[in-house]
Every structure is written in structure tokens, then in C-alpha cells.
Amino acid sequence: MQRDILIGGKTIRLEVNGDHVSVDGDDLAVDYQLISANELSLIVEGRAYRCLLDRTVTDEAIIVAGKRYPFAVEDPRALKSRKARGAGTEGPLQIKSSMPGRVLRVIVGEGEDVVPGQGLLVVEAMKMQNEMKTTRGGRVRRIAVREGDTVNAGQLLAIID
Amino acid sequence: MQRDILIGGKTIRLEVNGDHVSVDGDDLAVDYQLISANELSLIVEGRAYRCLLDRTVTDEAIIVAGKRYPFAVEDPRALKSRKARGAGTEGPLQIKSSMPGRVLRVIVGEGEDVVPGQGLLVVEAMKMQNEMKTTRGGRVRRIAVREGDTVNAGQLLAIID
Amino acid sequence: MRILRAARELGISTVAVYSDADRRALHVLHADEAYRLGPAPASESYLRGDLILNIAAQCGADAIHPGYGFLSENAAFAEACEQAGITFVGPTANAMRMLGSKTSARQLADAAGVPRVPGTTTAATSAKDALAAARKIGFPVMLKAAAGGGGKGMRAVEQESELASALTAAQSEAQRAFGSSDVYLEKLIVRPRHIEIQVLADQHGHVIYLGERECSVQRRHQKVIEEAPSAVVGDSLRRRMGETAVALARHAGYTNAGTAEFLVDAEENFYFLEMNTRLQVEHPVTELITGLDLVHLQLQIAAGEPLPFAQDDIHLRGHAIECRIYAEDPDNNFFPSPGLITGLSQPSGAGIREDSGIYDGWTVPLDYDPMLSKLVTYAPTRALAIERMRHALDDYFIGGIATNISLFQRILSDADFQAARIDTSYLDRLLSAEPPAQSVTETVTHSEQVAAIAAALFNASSGKPSEAGANAEAADTPWKQARRREGLR
Amino acid sequence: MRILRAARELGISTVAVYSDADRRALHVLHADEAYRLGPAPASESYLRGDLILNIAAQCGADAIHPGYGFLSENAAFAEACEQAGITFVGPTANAMRMLGSKTSARQLADAAGVPRVPGTTTAATSAKDALAAARKIGFPVMLKAAAGGGGKGMRAVEQESELASALTAAQSEAQRAFGSSDVYLEKLIVRPRHIEIQVLADQHGHVIYLGERECSVQRRHQKVIEEAPSAVVGDSLRRRMGETAVALARHAGYTNAGTAEFLVDAEENFYFLEMNTRLQVEHPVTELITGLDLVHLQLQIAAGEPLPFAQDDIHLRGHAIECRIYAEDPDNNFFPSPGLITGLSQPSGAGIREDSGIYDGWTVPLDYDPMLSKLVTYAPTRALAIERMRHALDDYFIGGIATNISLFQRILSDADFQAARIDTSYLDRLLSAEPPAQSVTETVTHSEQVAAIAAALFNASSGKPSEAGANAEAADTPWKQARRREGLR
């Protein structure tokens, strides 16, 4: 079994053969047991890990020791191959809604320049107003929603160039 | 939807229509939600019940308020229609092993008369010796195992007439 | 669930009411009787006191426990219960009215000689009015909704120029949240701690206090972590604050459980903030250090029983910490994240208590406060209670939705928190500080290798039916290949 | 898991060892390191001290905590640890040897002036020898394995004619279970309570006791329910028993946690039975009423730290009850029922502690003691702790295998248990009494109607994929039809 895993901005090539796994060419002794559909007991060279698979509407990640590692599988045989959150700092930035809600206010217009941390629009959900900010500076290419719109989880709100 | 449920030695005819159920002809208002594959939130005429489905190697039962009700479904469309434990006190009594183990000793012979509570054979499992007793008196028709035999869960050990 | 369980333990039958969004909630599953109130919005269900009283009358209920939110501090509802001959588990409508509005509570505090933060005792009606009051008190000042709680309708104002717009915002927020736009002003205490005193009063004139809770770790004036006892409250301060809270409760003719909130400054001066006339979300930390059950006591008091102990019988032992686990994403501006829970693994064991209403397969509704669970740890010392919580959080897994578990991990490993150097702006400072290095390394770290191996193995197993892992062993390659190891490594 | 969690909380890295049957066990999942010991049988894995020490040496372990069973009372293993320079978390091999064998423990007790049940101090070698001893003591007598515990190798003998065969049986059971056929005799006390004292001793000569545990509810000499405190132990008896246990521990040069077991008769006479030189399964009840963490203390003592408190600092508060939940079928002669857990719903909340190592999808192995979980409740009073436990048991669901939960429900609702009228034969009497009416009625009861409705609904939904209930709402008829109700009932 062979997989390329995109994690932390790097691609790791894995090959699992019985009780050994090759990680970018390094050979490691592994032992593993699936505890449930999203919980794995993994022993690598004697070190024990509880690995959790967390699939949300926006990404797919492994949680190990309380830390979350979004990942993507790059393999023609894999069914799912999503873009890992945070991976890829190049190209336009898509601002997406992480949950359903209502667009209360649009703060910036298309074509405006924004700085990192600047608020773009306000979405209300569960009676809380949340300002959606950009993590990068740039020019607003597109505002994909209007005030009063109801948005779904994962729906595109804006694009920053 | 219609089902005949054998429970507590009685057969109950049920017909579910939307938010009403007919139980042996009595009409009751019901509301229900499946919480998980084996947990049901059931409201009957305002009374709330947490109903659990327990499938073991020997029977199938509903647990309500800490009490266990073995049942069988009598319906041509149902996939499973097992004999409820305890149901049917007529006919020969089959003594089965409820778990894997090893037959340590056979106490009674075929053709012997036994009284309720009498030990028939001793099975060892998990380092514990367990005397398998008969709940009914009668004549031992058959001892289906020999000393030293390994037995599986549900395997027939003896038949009492 | 907390209240339902406590009632059952006293042999009381329970009736749950639910909105359409909560039909699958655990309190409905576990109640003796359950009735639908209405559609999901609280204004059409849980805030409809008339519907609730109708149901109570129909099913012959003796008492109503209002819980923590919704109508729990609504004097009109308490009064309606009284008129309907149904016991409201809480104070009388009269006491609630006196203490429930912050404006009247402050008047009462003054009358009872309870120290409080300088401020107005009546609502500011205009910007001009507010400005005059603010100048008299001295900036910085705080705007607060008279009817509210939980941070809604609150604004800190540093200078005169900000006052008018802040007042408008606070008033409209107060109107939306509480149906009243009354807002008052008070002096802003710099770096105060938020410490509250739990009081219990029976119908026979006995009033006692059960020590304090430290609730300084807040975000947007919402409590995030609560502890008992407070690391800065010694026996003397505890007695002074406790006796003050008891005096206030006596003055108001208060009955049942209540909480007096105070700001405490670095010199151990304490200022009364408000009285919460209900059971608090954070009551478990008090239960763990006193060994008492506050819900049992609430029900016994409501039934007219006297308190079964006196002030001298109350001894605090050990340390308890509570984390309020919310469906919100700390990496995304604390945006709420309701949705389907697709995996759940909850910690348990020595010194771990969890009050939660979630389960695998439950959909966190959009409609209410997204609190999922209260995770509470107890240990003989604060340091051990913190360590216990850190590991309990590591063990906690809620799949499918974002939660604030990582926020707690960050707080609990912070040196200032561990040294109890906290005040009400502590968390804002921590959050505005550089987030902990995300360690985006050039080379692949060992942890990333492990995560990648897990990702590959999960990926290889996906698509195969595996009901709760039951069939995992039976699934074919590569799950089976590595099951047996030859000897020791 | 209990020990692993406590170690993590003290910042100690953990190494788990496992047999093939336990690869999927939770202690392996949560450890920092994990190594395979060998095949499933304990004699080839968990009882192989040599393999365990090899692993400890390879991974550089500082200490070994032996848990509750297997090698925890094996002096040879403790000695091997000492020789390998690895700390054994427990008493010295020497103290263990003195107290571990019942015969030598009795000699020690006599020397320390600890009252004990009249009996032989050396093992009975022949039937003739045993008969002479029994006649001297007076019937009824008890046969006990010198090396054992947990009821193995024990026989009560009412009259002379039964003695020879009972001795043979006890000896062969002792040989199988402990590798030694030594069996001794003692007088059988009529209707005694089994009450034990928890002691703690550091390496600096401090020895204290932490109150008692009431363990009279037993089946086949195995503890079923434990409580703390005992309803019949007052301050005076507690002090007398506690000081006796401390004297014994001092006499043996004992260190770490240990338990002195006593029989107590109706006149408050107490007789020393044996000293358990390890942490007991039932330690949580002591933790809940003292507020301490015994595993933390064990590790601190093993590290050479002094006890952080004195006898006067120990105060008991409230009441705790533990139920040992086993995979065994009370309706079928308590036959073990290992197998796949196909559904799991565990109680939680105020006053509920669970120490368990099970999960949905886990297969309870055939190979070991079938204990699934320890469910413990705490409440201010015994009556409330019982009620809390009854409801926690109602909430507990372990699907797919038989458990003894129904046994606890029967005990906890029994008037004698509720009145604390218990002794070591209490449970045998309850079980031999007419079982509660199975209410096989002619007509269909209301509960049967409800169960039948549920059965029909489950049946109608089966076959449809429903991953942990997540898709239940999406499943078609009849699940959807009844979701919305028109108005109130």
C-alpha cells in the first residue's frame, strides 16, 4: 500500500508493508489496530500513539496528542483528496463560512486593498455576530455574498488576491 | 407497518401509522426518534421511554427502565425471527453454553432423572468452574459433549425431556 | 440532564419540555414524561412561560426547575408559577425582581451596606445624561444592560469620544437580547478578578455561603474557565466576602441558591457586581470542593425543608476546575460550529466529572447557545487539577465539528494561568499575543510522520464497512497483516 | 488506565506491556510506549516477570507499577525489580513476603498484638493433621490458600465428614491458581462483616490509615459491592481498627499502600484476616470520601517523598459506593460472557465516577478476569449514594454481552442492603431467596406494550445503514413520519 500524504505543507511518501512502513525512504517498525472508525492505536518503534481522524465540513485531519494535523491524500486510488486547510499559501485566498448563518454586513468592497486581520464582513449565527477577517493582505477580488444572504457551511464569502 | 411481537409469552399485534400505533387494537399516540442503532427515544401518550436494543449470541431484547424484555418478531418481512429466551416452557429443554469454554466434568448420564437446579456438567472458562444446572426437572435425553471438549457460545450441551 | 438526574435521585418524577430542535436531546430521552413546546426558536418555545405552565397544569406537575438560562431569571414567570400554585425552584418573584435588575440590585446593595463599584443607579436615557454620569465617575467606564447578563449589552469605554456610539450599540444589543434597552454606567476597575460567592438560603431564615468561585478567565465577558477555590482568596477574605453576600441575601429576603458576583482588585478590595438568582453553570466546582449537591439542596429548599447543615459545617477541600466546552472554532474567530457529531470519546476516571448532553450521532442545533459539555476535574491541589484537566482534554475527542478544546489546552499550559496570575482581561491578552508557534518546519517532524502514517492507514481502510470498529479486525489488508508481531522489538 | 492516567498527571512517561489478547486495550492506546509481552495466557505474558523486566531495562524505565493483579503481590518479582535497580511501586520484597503469605502474616499479627481469628499458623499437610487442628479450633472452620486471595482455594467446612474432600479441593485449586498447595485452617465467624482499613506508609517511617471500606457484599468470596465509610463503624471502632492496622504495617516495615482486611462481628470485635500488599480494586471509594488520590500517593512514596499530610489531616466526608461490573450472567449461574460489545452508553455527571477500560467495538477477551468497569457514586449520604447508583445503573447500557448490572439493581433495591443489614453471607442469602417475581402475567403489561412498540420500530429500521445513529433522521418510513407533532398532547 502506497500513499502520498500532504501535511504541514510537505508531501510525505509512505509505503506500508505488513509491520513495517517506509516514510520518505526511512524504514520504521509499526503495529496498528483500528479501535473505531475514527480512532487508531498506532505503535511506531515502540512509541504508542492514539490517532484520531476528524472530518469536518471544511477539512480532514489527524489529531495526535491533542494537536491537529490537517492532511490531504494524494493517491489516484484514494476516493477523497481534499485540499488541506492552511496548506498552500500561494494564489488567491478564499474566505469561506465555516457554518450556516446570515450575512449581517459587508464591510469592504470589491477592488479595495486589505491588510492582514482586517474585517471583511459580519456573519450572524446563534445570535452571535462574527467578523470574518482575512489572514493575508491583498486586494479584494470578489465578494460572493450580499447583506441578508443566508450562507451554508463551506460557502465562499470572498476572494482576496 | 405491521408487526407481531412475541414478548413475555404473549403475542402483541402492532400497527404503526405515523404518530399513532395500534397495540392489540388500542390506539396510542407515539413519537419516536432513533438516537443510535440500538437506542430509541420513545414517547407514548406523553410518557417518555429510553428503549435499548440488546442483541446477544443467544437472544434479542428490549431494555426499558433497567428491565430486559426478550422478544421475537413474527412477521414474514422481518429478517430476524429468533426464539425469545424463556419463551415457550413446553417441550424439551436445551441446555446451551453461553460462552466458549472447556467441559471439565459431566455429572449426569443420559437417561438419568434430574430435578430443577441439579448440576449437569461443569464448564471451565476464564479460570472459573461453572456448574451448568437445569432449570426444570425431567429425564436427560442427551448429553451432547464429552469431558475435555471445547465448546462455543450457544453450543448445545444437553437436552432434558 | 444535571437537574433531571438530581430529581430522580430524590425520587421525583420528571417532565421534560422540548422544542423541535431538541427532540433528540438527552433530557427528553431520560425524562419520565416529555412534551413538545413549539418550534426551534426560543421565543416560540423555551421563553413561552404560558405554554410551559399549560403543560405543567395538564400533567399535574408540583414544581418547575427553570435550569440555567431562558426563564430562570424571569420574575414574571416565577410570579405566574406562584399564581398557578406551582412551586418555582428558585427565589420568590419579589426577591428576583429586587436582585434581577442590576439597577435595583445596586440600590439594594447600598441599603445593605454591600460595597460596589461607583456608578449610576438608574439607566442612562440619553448620550448627554451618560456623559455627565461618566465624568462624575471618571473614565474608563463600563456600560451594562440593566436586565442582562452574560456579556450582552456590555461595552467598555476608555474615553469621552467613544461614549455615544458605545451607548447606542449597548442599548440596541440589550433591547434585542433582553427586551429592555436600559443601560447603566459604572467605573471600570483595572485588571480585576471576577470572584463570586455561592449562597444558599432556606425558607426558615437560614442563609449560608459555600465559598467562592474564581471566574476571571473570560472572553467577551463570557466565563470560559471557573475554579474553586480562588488561588488569591484566603480565609479572611473568604469570610468577609461570604458574610457580605449573606447580608445581601438576607436583605432581599432571598431563598434557594444564588450567586453574588464581585470584582476583586489587587488590594483585596471587593465590589459587588450583581446577584444571579439561579443555579450557575459553574456550580459543579463548588460541589466538588464542598462535597454537597446543589441541585438536591435547591429541590429540598423549594419543598420547604430547612438546610441540613450550618455555616460551620462547610469545609472546603482540594481544588476543582471547569472548562466550558463549546461548539466554536478558536482558530476561526470563535465562530460557532454546530453540526453533526461524527465521533465522540469522552474522558472519565479518577477526579473527572462531565456534565454533558451530547452523544455520537447528535446534531448540535443552530438555535441555542453552543455549549456542548462542562468538563470538571478535581484533585487535592490546583497544580494537579490543572494537570488532570490537561490530560482529560487530550483524551477528549469530538469529531465532525470544531470545538474550543485547543483553547483550553493553550490556557492550561500558559505560565500565567498556572501561576494564577489572571484577571478578567487575562484571556484577551493571551489571545492577542502571538499564537504559539505553529511550527511550520521545513523538514518533516516526527509528529507529522506519525500523523501521516495514521492518515495513510485511515485512508486505506475507508470505504470498508466498519460499524463502530467492530469489524475492524475482520477487514482485510493492511489491517490484518500487522496484527501479530514476532517477538519483542 | 487508572494508573496510567495518574502517572501522566504527575508528568511521568508511561510504558504499557500487553499480551496478544490486549493489543486493542485502552492502556495500550493511551500509553507513551507499548511493548508486546507474549501470547494471551497470563502464564506466557503478564506473569512473566523476566520478560517485563527485559522490556523495562530496554526502554530505560525507572519504575514498575504492578497494578491490582498478576504480579502485584509477587515478592520474587519485587525482589527482581530491586536487583535490576528498577523501583517497584509497592512494599519491599521483604515486607511483601512477611505479609503476602497468610501463614507468615498471621505469625506477624500475633507478634504485633493484632487480634485474629483462631486458626493454624502452618499449612495443613494431611487430612489427619487438618482434622486435629479443626477439632482444636472447633467447627465450623474455613480452609484458605496460604498464597492466595480472591476466594480461590477457599472452602467453608461445617462438619468433620466434609473436611477431607474439601481439603483436597482447596489444595488443588490453590496449586492451580497460585503455584502452591499450602492451605491452612481457621475458625469460621458467624455472619461477620468484611471491613478493611486502607493504610499508607512512606519510606520515612510515617504510617497513617485512611478509614475503612465495607466489603461484606460478596459472592463466592469475591467482593461485589464496596462502600466507604461502613454504616456500622463509628469513630471509636474506626480509630481502634486503624491503629491496629498501622501497628501491623509498622511491625512489618511496610511501605506504600496496603490494606488490612478484618472480619467484624456483631459485637464490634474485629479479627485480622490478611494484608493486601497492593492497591485494591476498590480504592476509589476511599478516594472519594478522603479527597485524596491513592495512585499519586503510591508514586510519590515510591519516589521517596514523605507523606504530605498527617493522620489528623484526614477527614472523611460523604459516602461512596462501588459496583464491580463484570461480563457474567446473573440469570445463568454467573457464567462469564466475554464477547463483542455492540453498544455502549455510560452514565456520567454529578457524583458519578467510572474507571473502565471498555469501548463500543471492543471484544472482552476470554483470557482474564471479566471485570469490565468499576462504577462508583458519591453523595453526601449513604441513601443518596444508593439512589444515585440505582439511576446510574439504569442509564448504563452494555450491548451484546451479558453483565451483572441487574444483580446490582436487585441488591440496591433490597431493604436489607438499604438498611445496611449485611454480612459476608448476605448476598448468598439474597441469591438463594426466591428471585423477584418475573411478573409473567396473563395480560400484556404496559411495560411490555412499550417494549413491543420499541421492538417493532427497531425491527422496521434494521437493515438500513445507520452509522451510529447519524443517519437515523434521513432513514425513510416510519422514522420520518412521526417527527413533527401538531401542537400539544
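Think of it as A, B, C and D in the order they're written, each chain with its own count starting at 1.
One rule holds in what follows: a contact is a pair of C-beta atoms (placed from the backbone, for glycine too) under 8 Å apart; a residue touches a chain by one contact, two chains touch by 3 or more.
If you're wondering where the values come from, they're calculated on a predicted model, not measured in any experiment.
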Which of B-C and A-C has more C-beta contact pairs: A-C
Most distant chain from subunit D, judged by the mean position of its C-alpha atoms: A
Distance between chain centroids, defined by C-alpha means - subunit A, subunit C (Å): 30
Whole-Å gap separating subunit A and subunit D, where each centre is the average of the chain's CA atoms: 46
Touching two or more other chains - residue numbers and ranges from subunit D: 23-24, 30, 35-36, 342, 345, 359-361, 467-469, 472-473, 483, 485, 489
Shared-contact residues (touching 2 or more other chains) in subunit B: 31, 33, 35-37, 39, 46
Touch-based graph of the chains, sorted into line, ring, star, complete or other: other
Interchain contacts, given as pairs of chains that touch: A-C, A-D, B-C, B-D, C-D
Residues of subunit A touching subunit C in the complex: 1, 3, 5, 7-10, 12, 14, 16, 18-19, 21, 23-24, 28-40, 42, 44-46, 49, 51-57, 62-69, 71, 73, 75, 78-80, 98-101, 123, 125-128, 130-133, 153
Interfacial residue positions of subunit B with respect to subunit C in the complex: 31, 33, 35-37, 39, 41, 43, 46-48, 50
Interfacial residue positions of subunit C with respect to subunit A in the complex: 177, 329, 332-339, 342-343, 345, 366-370, 393-394, 397, 399-402, 405-406, 409, 440-441, 444-445, 447-463, 466, 468-469, 472-473, 475, 477-479, 481-483, 485, 489
Subunit D residues within the subunit A interface of the complex: 16, 23-24, 28-36, 59, 359-362, 467
Footprint of subunit C on subunit D - complex, ascending: 1-2, 5-6, 8-11, 20, 23-24, 30, 35-36, 51, 54-55, 58, 284, 287, 291-293, 295-296, 315, 317-318, 340, 342, 345-346, 348-356, 359-361, 363, 378-380, 384, 387-388, 391, 395, 467-470, 472-473, 483-485, 488-489
